[in-house]
Structures are given as C-alpha cells and as structure tokens.
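Only one structure is covered here, and it is reproduced in the block below.
Just so it is clear, A, B, C and D label the chains in written order, and each chain counts residues from 1 on its own.
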Amino acid sequence: MHDNQPKKNWRAKLHEIIYEADTPAGKLFDVILLIAIIASIVFVMLESIKEFDKDYHYFLVFAEWVITIIFSIEYILRIISVKKPFKYIFSFYGIIDLLSTIPMYLSLIFAGTQVLIALRALRLLRVFRILKLARYVGASNLLANSLKASRAKIFVFLFAVLIVSVIFGTVMYFIEGEPSGFTSIPVSVYWCIVTLTTVGFGDIAPITPLGQFIAALIMILGYGIIAVPTGIVSAEYMSQTKGRVPQAPLHTEVDMNTEVCPNCSAQRHKDKAKFCYNCGHLLNPHS
Amino acid sequence: MHDNQPKKNWRAKLHEIIYEADTPAGKLFDVILLIAIIASIVFVMLESIKEFDKDYHYFLVFAEWVITIIFSIEYILRIISVKKPFKYIFSFYGIIDLLSTIPMYLSLIFAGTQVLIALRALRLLRVFRILKLARYVGASNLLANSLKASRAKIFVFLFAVLIVSVIFGTVMYFIEGEPSGFTSIPVSVYWCIVTLTTVGFGDIAPITPLGQFIAALIMILGYGIIAVPTGIVSAEYMSQTKGRVPQAPLHTEVDMNTEVCPNCSAQRHKDKAKFCYNCGHLLNPHS
Amino acid sequence: MHDNQPKKNWRAKLHEIIYEADTPAGKLFDVILLIAIIASIVFVMLESIKEFDKDYHYFLVFAEWVITIIFSIEYILRIISVKKPFKYIFSFYGIIDLLSTIPMYLSLIFAGTQVLIALRALRLLRVFRILKLARYVGASNLLANSLKASRAKIFVFLFAVLIVSVIFGTVMYFIEGEPSGFTSIPVSVYWCIVTLTTVGFGDIAPITPLGQFIAALIMILGYGIIAVPTGIVSAEYMSQTKGRVPQAPLHTEVDMNTEVCPNCSAQRHKDKAKFCYNCGHLLNPHS
Amino acid sequence: MHDNQPKKNWRAKLHEIIYEADTPAGKLFDVILLIAIIASIVFVMLESIKEFDKDYHYFLVFAEWVITIIFSIEYILRIISVKKPFKYIFSFYGIIDLLSTIPMYLSLIFAGTQVLIALRALRLLRVFRILKLARYVGASNLLANSLKASRAKIFVFLFAVLIVSVIFGTVMYFIEGEPSGFTSIPVSVYWCIVTLTTVGFGDIAPITPLGQFIAALIMILGYGIIAVPTGIVSAEYMSQTKGRVPQAPLHTEVDMNTEVCPNCSAQRHKDKAKFCYNCGHLLNPHS
C-alpha cells in the first residue's frame, strides 16, 4: 500500500496492536491475551478444587497475581491508546476488563472471601473478546442470522413451553404432593421443565399411577415439541444459505477486517476503508 | 380518522377497552390484566411453599382477595359490555373467568381446602387470554399451521411410539420383574416411555444383562425416531414458509388487528375494517 | 354399482365382513375386534398389578375367558372364510391369532405360570392388525417411505453409534472401574449408549475427573450426532413430499381400498378392481 | 474378461485376496477377518465380566491365543504381499494391526496386567477396517460430506456450548456449593454439560430454589440449541443430495471398487481401471 502517511505515532501503533488482528503484532497480542484468559479460567477452576488448592495454594496465588498484573497493564494500555478513553471505560468490555483486575487488589484490603472468587469468575466473560478473532466469522454470522430471523418464533415456542410447564407442574403438585418430592408448585414446575426438555434428573419422580400417566404425557409432548425449534432453525438456516450463496458467496467474510476506529471504537470496517464509517476519523492504514 | 360517528355510547367504549388492544386505554387494560393474572399465578405458587405460607399467610390471603375482586369486576364488565352476554358466559373463556373468581367466595362458606387451591390454579388458563395480545401473531400462526398440517403424521408417529412402549414395556416386565422396580406392566410401559423419549429418570433402571441389552435397543430406537416428528414439522414448516413468502410477505401480520365485534365477538378483523365480517355490525372505529 | 353377480354366498359375505373395512358390517366387525384387543391388553396389564389382581382375580379370569372365546370364534371364522386356509394359518397374523387364544386353554391343563401370561402378552401384536383400518394410510405410507429411503444411511449411522459406544465403553471401564458401577465392559458399553442417546439414567455415573471429562465428550458427541438421523429423515421426507404433491396429489390414498382377495389374501387392490392383481380371482364387489 | 496377463504370481494373488473384496477369495478373507475381529471384541468383553472369567478362564486364554495367532499370520501376510512393506507397517492400520497381536506375546514375559487388557481393547479399532467393505459406501460418503461441509459451523456451535457451560457451571458452583454435589467448578461445568445436552444423570442436582431456576434456564437453552446442529446438518445434507441426484445418480457407488494398488496401496480405483491412478503400477485384474 502506497499511502501518504509519513510516520505513525506510538498511540496509533499501540491501537493497531491491541484492537486489531490483521498485523503480526496484533495477532501476537491476541494470542498472548487468549492464553492469559484461558489460564485465568483454569486457575479459578483449580482453586475451587479443595485438594488441589491445599497443595498448590501459593502457586495459585502467585499465578493469580501474574495474570492480574497482565490484565492491569492491558487495561491501562487500552485506555491510553484510544482517543476517547471514557467511552471504552464505560463500555461493556471496559467494565469487564476492570472487573477482571480488581478482585486481587481488593483481596489485599479485605480478607479473601468467596465473593471475590466469584468476581474473578467474571473473567470468563472476557472469552467473548476472543470471538472477535473469529476465523469462522462467516459461519457464526450465518448461525447468528438464522437465530435472529427465528427469534420471534422461538419466543412463542418458549412461551408455550413455559405455560405448559406451569399448568402441568401445578397439576402434578396436587396429584403427587410431598411424598414424591413435589414439595411446592415452583418445585413441580421445575420438575416439569426437567421432564419436558427430556433432561430427567430423577431426583424427583412421580410414584402414583396417575402421576406417572401424566408424566408420560408430558414426556411424549416434550419429545414431540422438540421438533418445533429444530424445524424453525432448520428452515431459517436453509433460507439464509439459499439467499446468500448465489448472489455473492461469502461476501461478509471478505469485506470486513478487524480494525477498530481509534476515535470512536466502531468496529466492522470494510477492508479497504480509510476513514471510519461512524465518525469520519482516519483509520490506521496497515503497513 | 374523520369517521362520521357522532358519539360513542359507554358500552361501546367499554367493549373497546376490554376486548381490544389497539387503543391506549385497551392496551392499558390488557397490561393491568396481564399483571393481575401473573400475580395470581405467583401467589398460588408462593402459597404452596410451606415456609413462605407460614410467615406471610395473612398477606397472601389479602392479595388473593384483591385479585379475586379485580377478576370479579372484570367478569361483570365483560358481561355488560357485550350485546349477547350469554354467548360470553358459556364460552370457554367465560367459564374460565368465572372459575377464576369463585374459589375465594366458596372459601367463605367452606373451610379452605386443597380442592379450592386447585380450582384457583385454573386461573393459569387465563394466560391464554394474553396470547391474544400476541405481538407475534404471525409467528404463532405459522407455527400453528405447521403443526395442524402435520397433525395426521404426528398422530401416526405417537401411535407407533405407544405400541412400541406397550410391547417393550411388557417384555421388560417379564425380563426384569420386581427387583429392578418393574413392579407391573403399566409401570414397565411408563419406564419404556421415559426411556424412549430419552428422559431417563433413573428411578427404575434395568439390572439384568438381557434387560440392559433391550434397554439399549429401546434407547437407540428412541434416539432414531425423534428424527421423525422433527423431519415432519421441519418439512411442513418449510412448505408453509415457501407458499407464504413470495406471494405477500408477512401479510398475516399486517392485515389483522385486535378488534372484537361488540355484537358477535368475532375476532381477526382486517386493519381498516368498519363492519364485522361475520355479522355486519359496526365496529368501534379507533380514535 | 350394477354388477352382474346374482347372489353372494355366505362365505364371500363372511370374507367381506372379516377382511375388509369398506362396508358397514366390516366396519362394525373391525370396531368390535379393536375393542376386544384393547380390552385384552388392559386385562393383561391389570393382572400384572398385584393389588388389583388380588381383589378382582375372578373377574379377570372371567374376562380372560370371554376374550379368549371371542378370539377363538374369530380365528375359526377367518379360517373358514378364506379359500386357502393353510396360507392364512401359517401367515404371520395367523400364528399371532392362534397364539392369542391358546394360553387360556393351556392353563386348563397346566397350572397358570408366568410363561402363559407372557404368551398372552403376544396379543399386543394383534394391534398391528388394526393399523389396517388406517384412516391415516396416506400419512403412514409417507412416513414409511421416508424411513425406507433413508434405511441405508440410518444403518450406517447406527453402526457408527455402536462402534463409538464400544470404544468409549471400553475406555470408561478402564478409567472408572467398579467403584462407580462400571463393573464390566458390557455394562460400560450399556452406560455409553445410555449417555450417547442423552437418556442418562444416572444409576451408573462417572466419579473420577478424567471419567467425567470423557463423559462430557460423549454427551456433546451424542448431542451433536442426533442431528444426523434428523437431517436424513428430514431431507428424505421433504423429497418424498416434493415428488408426490405436484404429480398426483394424495393418489396413494385415493386408489387403494381395504379389500382382501378371498383366494390368495393379497391386499391393496385398486378401488374399482374386479379381479385380484395377484392371482386373478374374482374379488367381492361391494354392494 | 479376456485380459492378456498370462500368469499371476503368488504375491499378486495374495494381495488381491487380502486387500480387495471383489473376488470370491477376497470376500471370504474379509468375512473370516470380520468374524475374528468381532470374536476378539466379544472375548475382551467377556473377560471383563468377573463371574464369566472365573468359570471359563482357560477357554478365554485359549481363544485369545487362537485370535492372536490368526492376527499374527494376517499381519505377516499383509507385509509380504505389498511391495513397500514399510509404508504399510508405519501406516495407521499397520500400527493397529501390530498392537492387536503383541499383548498376548507380552503377557508371556510379564504377568498379565490390566494395561495389557486395555491394549487388547485396541483391537476394536480394527473394526474400522471392515467399514472398507462398506456395501453402503455411497450412503456413508454422503453423511461424511455433510458433516465435513458443516464442520466450521459445528465447531462454532460446540465452542458456544462450551462457553455457556463454563459460565453457568461457575455460577452454579457459587449458588449451590458442596451440599448439592457441586464440589468444584470443574464438577459444576461437568454438571452443566450433562444438563445442557439433556442427558441429566441426576447424581448431581440443584436443591436451592435459585439453583433450580438457573437449571431450568440451562435446560430450556439446551432444548432450544439442539435445533442448531440439526438445522445445520439437515441443510448441508439436503444441499449435498440436491447437487448429487440430478447430475449422476449414485455414481460414487457405481464407479469405485475395493482394489488396492499392490505398489503404493492407493485405494478407490475406478471399476475398470487397469493401472493405479497414483503410481501407474499395474493393478490386479479380476478373473
């Protein structure tokens, strides 16, 4: 690219590395971040295993601090590399990024409580950030569109499932009662959802003949209506595929890049775009 | 709208508010009713939780009376706002509406028994009334049509499931017998439905090698035949969508409103209709 | 119909009543038989319930004898109304019909044993006879054709399921072993089928971390591959529907009747057929 | 076939018998091998049943030796019948074939340990060899292609399932905790997968109202998203079928035979091919 930008300042370079994935440095940053996120999830999990935590407590605390410091540096870099830092700070990911770092700092002040571990689990939400990398953007777009198109129908369907559960749950409460574990109507409704969705834990199960008869009805109903969302998604997906392929195959995958506007943080710019479609700010041209 | 109706009598206004959802007053009425219905369901549920009922018994009784009085007023208003009240009273919703109000009045005469709580649970059926609001009428029509079109096939399918369950249930009774919980043929058939629909409670489970072998057969059969209703609904749904889209996209959603004829209670009038398509009576024009 | 048959002999009339369902008498016969079959199934079920059998033992024995005599008479009538009785006697339904009657006669000779009850359960298979009535013949044909067309693919699929179950079952046996209930490889394979088909009884469940990890893999695999038979049946069903509708809508339902050749017992004759398509014998013309 | 090959050397004949299935001798070899493989699987299974192993230990050891010797001979014959034996030895099947034979020889040196039985279970993988026979090659190709085409989408779907499981699993750990069996986050994630896939063992089940509420959400989610892979496979399968049928119906099944090049072991030659499409070596013409 023979663009007429003589030199790039450090903030633009930083922005490119952190927010985009098309350059080698950007890819490296994303991969390191991905490893840090997965490691942080694994450490939260390991800490919850009593036997493991007892033996490796100090290692886990050390690892937690390493990850907290990595996330803290990343958070600060993200703030200083965008022109409108407050927009980032109060965005969904900005809040998640902050919440990812503070639990360990708070644990210095307060004694490490359960609540802080729970807060640390919020780091899981950072996983969504990785989805941006999405080598499979085309595939996931298609899925997302199918689901979006069938949203209204799935809502109707879930509403019907809920009404059926409430009615049959109430009926089962009066038929079975406490001896079988149907201790209250909410519990019965819960059981009914467990049965209708064919999960069937078996911690609560009908024991009276009439209860078993109605349970059989619920099961067959659940077995039958599972066909409805499948049919919906199947049809929508098929019409999505049909409309897409002949006109411009895979164009959603071709047109977009991972650039993020350094001014307004807008995403999904066209591949050759020089200016942000949202605020008109100059985008970072790739070297 | 510059319609030539000089003045509207109170009954027509009342009818518009209660039976329709296109005017602000009608919408407000529906929303209040919706809240009252959901509240009544929640109270029935809460009352069934022993610990909650013990602590908040008087609050629940009071709330029950408030809802009973709201439903009673609504019931009376519905009767006086239609021209043919007996048609409403003996309709499905008329009976449900009546049954929603009487349990509390009966509890004044008789001591509050379980049966009265059960009767109160009938209020759940009022939920269906809300479906009328159906912002998603088009979507639910499509679903209903798909299911209606595939009714005969689903009947054949369910009949096949039933025969398979009866035969395998009887077989399992003779193989497993009482030690595993297969205490009688009806219980075995119940277990077979539980297994075939992939619910699998586990309260009854085969323990003999032969029983486990046949159980595995039943499971694989159930796993395979779940494809049948899905295929049916999927295909019917797709043909429904195909027939509809090219001719007049989404016309079922556009054309209808929620007006109800004040004379004959017919529903689903066209959006600009001035007269009932069923009896020719003047409809309430919207302001 | 102005057919030139002067009079019909009693055997032809009997054949028409017993084997066909197009005449009023034939329909009546089928309905009575249907009731008798369902009653016999219900009685076998009730007899298996200990408490019920204790109280109503003599009633059940009496009812069994009534049904046995009805089935015996039907069996004899079927034999004398066809021209080639041996063909009927050694056909699938002939054997089932005979087996439906003999248990009670045998119980006169031997003491009533479990085995005889099991034999009586064979009457269930008579239910298939009723399917002939099939008001929904068109629908069930379509289903049967879809399944037949996708037979080879479903076979491949089930074979894959079996191989996966055997391999993962063996793996789980070595990982979990006896403490978790994986007492032998066949039991592990059984558990694997229970899990893969998403039935999940829970009588056997992994307790080691590695076992739970592999179990999670099996579940996700099972959850994913359930899509395969559904997709197959769905596609076959759709192609069946497509091929059928435009050419001659519902012709399979129009063309056939329930006549059965009195000579060779061939079924599925065309509606106006005068001679058997199989042996050339004159069919019973309907009055 | 009037081919001009005067005589066939023993190695070519051996190659034809072992690697192909179009000649009577080749078919016989495959059938014997199939029986030996299934027998070896059955013996591994039977040996894992304690009661059976106690009574028939010596028979099982004898049978194991017979199968080991059959497999050893087969392995040697396979090596000497191909021109490039090392290519076979280090191929996937070559290694599996070797691993199928060595456990018994090792048991002569070391005492028979669990690990050796586990190794013997690797023979199961030999089952895949039989798939080559594949009378249903066309059907399985179609399935494999559908799955391959929807690979990226299924990957996205499984990734979404995993993220949902990790997030909800962590949430459930903090809500339910140890009393209900949610002893650590990995166990909670395991439970979440069990629930989301509608397996529902019931060994771990929520007991708090909030936990049951979230469990109900997970179930309905799982019930809904099962539609996604089904829709994907269904649509892909349908497009595979559409593309295939009109152009050249079933040509994949017609064109191929089971010949394997004696020089380079390439498979899937055309039915009338005289030379290997891969290395140009002369193929064994069928008598």
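What we mean here is this: a contact is a pair of C-beta atoms (placed from the backbone, for glycine too) under 8 Å apart; a residue touches a chain by one contact, two chains touch by 3 or more.
Which chain is which protein? Per UniProt: A, B, C, D = Voltage-gated potassium channel.
Every value quoted in this text rests on a predicted model; they were computed, and no experiment measured them.
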item	value
Same or different contact residues where chain D meets its copy chain C, judged by the half mark	different
Chain located farthest away, centre of chain B as origin (C-alpha)	D
Size of the rotation, in steps of 5 degrees, that lays the CA trace of chain B over chain C	90
Whole-Å gap between the CA centroids of chain C and chain D	33
Chain A and chain C: spacing of chain centres that average the CA atoms, whole Å	47
In chain D, residues with contacts to at least two other chains	157, 186, 189, 198-202, 226, 230-232, 234-235, 238
Overall pattern in which the protein chains touch one another (line/ring/star/complete/other)	complete
Footprint of chain B on chain C - complex, ascending	41, 44-45, 48-50, 114, 117-118, 121, 124-125, 127-128, 136, 138-140, 142-143, 146-147, 154, 157-158, 161, 186-187, 189-190, 193-194, 196-203, 226, 229-230, 232-238, 241
Parts of chain C lying in touch with chain A, wherever the complex brings them together	198-202, 230, 234
In the complex, chain D residues that touch chain A	152-153, 155-157, 163, 166-167, 170-171, 173-174, 183-186, 189, 195, 198-202, 205, 209, 212-213, 215-216, 219-220, 222-224, 226-228, 230-232, 234-235, 238-239
